[in-house]
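Have a look at the structure that comes next, please.
To keep things simple, chains are lettered A, B and C as they appear, and every chain counts its residues starting from 1.
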Amino acid sequence: MPERYVPNEAVTHGDGGTAALAMAEAETLEGGRNGRGGSPRDKPRSLWGDAWRDLRRNPVFLVSALIILFLVVIAIWPQLIADGNPYRADLAKAQEGSAPGHPFGFDTQGRDVYTRTVYGARASITVGICATAGAALLGSALGGLAGFFGGWWDALLSRVADIFFGIPVLLGGLVFLSVVTSKTVWPVVGFIVLLGWPQIARIARGSVVTAKQNDYVQAARALGASSGRLLLRHIAPNAVAPVIVVATIALGTYISLEATLSYLGAGLKPPTVSWGIDISTASTYIRNAPHMLLYPAGALSITVLAFIMLGDAVRDALDPKLR
Amino acid sequence: MATATTPEPAPDPGTPAPALLDVRDLYVEFRTRDGLAQAVNGVSYRVDAGETLAVLGESGSGKSVTAQAIMGILDSPPGFVTGGEVLFRGRDLLKATPEERRKVRGARMAMIFQDALSSLNPVLSVGAQLGEMYEVHQGMKRKDARAKAVELMDRVKIPAARSRVGDYPHQFSGGMRQRIMIAMALALEPDLIIADEPTTALDVTVQAQVMDLLADLQREYDMGLILITHDLGVVADVADRIAVMYAGRIVETAPIHDLYKSPAHPYTRGLLDSIPRLDQKGQELYAIKGLPPSLTAIPPGCPFHPRCPRARDVCTTDRPPLYDVAPGRSSACHFWEETVRDEEPPHAR
Amino acid sequence: MGRYVIRRLLQMIPVFIGSTFLIFFMVYALGDPVAAMFGDRAPDPATAARIREELLLDQPLWKQYLHYMGQIFRGDFGTAFNGQPVTELMGTAFPVTLRLTLVAIVIEIIVGVTLGVLSGLRRGRALDTSVLVFTLVVVSIPTFVSGYVLQFLLGVKWGWVKPTVSTDAYLDELLLPGVVLALVSLAYVTRLTRTSLAENARADYVRTAVAKGLPRRRVVTRHLLRNSLIPVVTFIGTDIGSLMGGAIVTERIFNIHGVGFQLYQGILRQNSPTVVGFVTVLVLVFLFANLVVDLLYAVLDPRIRYA
């Protein structure tokens, strides 16, 4: 394969595919970390210590981390800021605008949009975190091993990953999820993991291959370190940074993907409260009652934005080359 | 003195002709996130036509930054020239407009970089990159420029120039690439060439060939040549004079043979002593103790004093000026006299 | 080069088989197309069995797959359950989506590259920061949100454009859908251009170009841009293949009868031949787009030589 700046995973599968978008940006990270230092003022510091020092001073990181913390808290305890019931419908108030005690107004069934927007965080955050954790674990394990051992295992993994890249994400989701009857979040999580792991695997494979070529790894090998020790003590700590960056950005895009699938009727299903479903329902009435769409859409966009910004900040911290 | 193509105003008979290049008290600093790095702190040197000045120093000594400031190719920000003059044929380039400076660059003074592979554009053929000099500075047509490129490649002794003019940099060997860099610098027959570690990236055998070529061409065109290096061995045969830099300052200037015979600065002495020599086989090699200072925290007094075997109290407080040691020789050491005589310091610490 | 192309084509075969089989498996094994044909009515068992036999649905899956692929390579994509040949559907849907994709790509190039170059050349300045914020926001708003909002604002409220697209899908009607489809990729192109430019701006050869006394404009266009845009060009190439495959959301919002629209309908109605047929073509388009991009890369960057 030729060396390419833009790997296949950069490809967004059409308009729902922000899921893949951020992936390729991590590519710059892989190659970039070696460019560190060089000027005489650079004192040797650890990558992580340095990154943390930068992060703490970075307002983008602080803002996005605060937003995410807030989102996680209300995903666990939505009652903290919304004392209503997201299911209580009052048809008499259907599609009405904001009223005292109901700042975001009512949806088409007369349910309180504010309460539903708050409760919607749970599904999005759950899907995002679980899918990212699954894809990151599976992807970095498979990709890391492929990069470390190479050979037929590597070749096989690359082909399997190619197969998954060949399938447009939204299409796969529609087909796969349209036959699922479960009303929980888990089929959606499973599907995102299924299509998400190859992207992480590529990044992990790439960074392990890069780390493997470092002189100190060669030296450790020459000194007779076992494969397991090499991988865990010498390679993994240096290969994990790109994976973390990609996973953080992916978390945001997975949330966006879940909402898009739900919008298309293939993701989460009622009675789960989901921004995607609510936006989908509201889209029919956008001319008369735009507020029904704008509030959940705003919440969704801010959530995605927060994770992408966090990923950006982490990448900047770990990749000093682009300052 | 000047090449025939460049009409110069007749020098005032009363004053001596200005030097080709006269750098006076140059200061350069880098404003970075980690603080202010004082890269060049009052450097002065001059080069005449037909003369080769070697500028010697470790990495971080400011030798390359000085050259970039002279050329006007400093990355700015973070680099800023904060003081001094760069007189080129008597005219201060630092006061010239960007457009005037651009016209001088490449045409009147050219630069050769260390790593020819990364310094040549990877996606343009060498012919295009050489020809570009004529297209831009002389408005030549592309076809004629291409013919001139072949001529240039012949001149720097690249075999089969005509058939290789369309090749890309990566298709040449390291030595050939450096010849192309030299050809590019030579294209418009400039008055001054600055070569920044031109042979460092090359194999030892190729180093000598490239250096000889450079020296030959310099004689042929009667150019001034500034040869920046960290390797005393490279410059010994070709340089006329040498300037040793440390922590952004010149610590010693001397005709090259005087410097070899009797260095007037302990730093130079240390550099000379750390060259392996055949007649001292078996002895332990000398090494200057310590590390060069960080440019964000240059020691007070003489910047070399923490590493200097002759350092005394005065060295920690008083910055030594450049003392005149002999005509054309100077040293920035309070104790240059005992250094030249290479006697033991009276109160060695 | 020729041998490289052949090797790549050979490598594409298992990927093609894998991708199409996966979709085939999902469509045929997970859903029951016969039940879907009858909708809510319970099918007569005898009729259902006859249809199954006709469609080879009683055969093992791999046999069905082989049979299907055999037909495809004879140009027979089967008939949709409504009796219309799938190729006919493709004949109307693909040109529409192709036009939409082209509009989107043109917008991506013009806006994305311009913004990327401007911000890359002025890193750290106000313009750069605003472009960065813009790309972040654009990436964060899902297409179905931006689609509805833009449709509502530009199409309905201010009436600047027609909110939906006619069946002929003229280019001017596709302008707004093209923007919506392009948005996310556009943000990516912008960031990629900016990053690439910023990286190359520090390259030694740019310093050389400056030292040669070239005017700034020439340094930027001939030396900096030429190199920086290589990854951007290759990204856009790959994007053509993927945008074609996935305009489901955009086509749904603007009622464009293209590939995504047909696929969405096909999936909703479990119209298996339509879905598998369209996806097969899309996978092929995607794989060839990737191959073309790799070859393009070699053309643009002489350092890359394929053996």
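In this text, contacts are C-beta pairs under 8 Å (C-beta built on N, C-alpha and C of every residue); 3 or more make two chains touch, one makes a residue touch a chain.
If you're wondering where the values come from, they're calculated on a predicted model, not measured in any experiment.
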Original post:
Chain pair with the most contact pairs?
Top reply: A-C
Original post:
For subunit A, which other chain has the most distant CA centre?
Top reply: B
Subject >> subunit A and subunit B, separation of their C-alpha mean positions in angstrom >> reply: 51
Subject >> Chain centre separation in whole Å, for subunit C relative to subunit A (CA means) >> reply: 21
Original post:
Which subunit C residues touch at least two other chains?
Top reply: 230
Subject >> Of all residues in subunit A, the ones touching two or more other chains >> reply: none
Original post:
What part of subunit A is in contact with subunit C in the complex they form?
Top reply: 2-6, 8, 10-18, 21-22, 24-25, 28, 159-160, 162-164, 166-172, 174-176, 178-179, 252, 256, 259-260, 263-266, 279-280, 283, 286-287, 290, 293-294, 297, 300-302, 304-305, 308-309, 312, 321-322
Original post:
Quick one: in the complex, what on subunit C touches subunit A?
Top reply: 11, 14-16, 18-19, 22-23, 26-27, 30-31, 136-137, 139-145, 147-149, 151-152, 156, 180-181, 184-185, 187-188, 191-192, 195-196, 198-199, 230-231, 234-235, 238-239, 241-250, 252-253, 260, 263-264, 267-268, 270, 275, 279, 282-283, 286-287, 290, 293-294, 297-298, 304, 306
Subject >> Residue numbers on subunit B that touch subunit C, as the complex places them >> reply: 71, 73, 75, 102-107, 110-111, 113, 115, 118-124, 132-133, 136-137, 168, 170, 184
**OP:** Sort out for me which residues of subunit C touch subunit B in the complex.
**Re:** 202-205, 207-215, 218, 222-223, 226-227, 230, 300-303
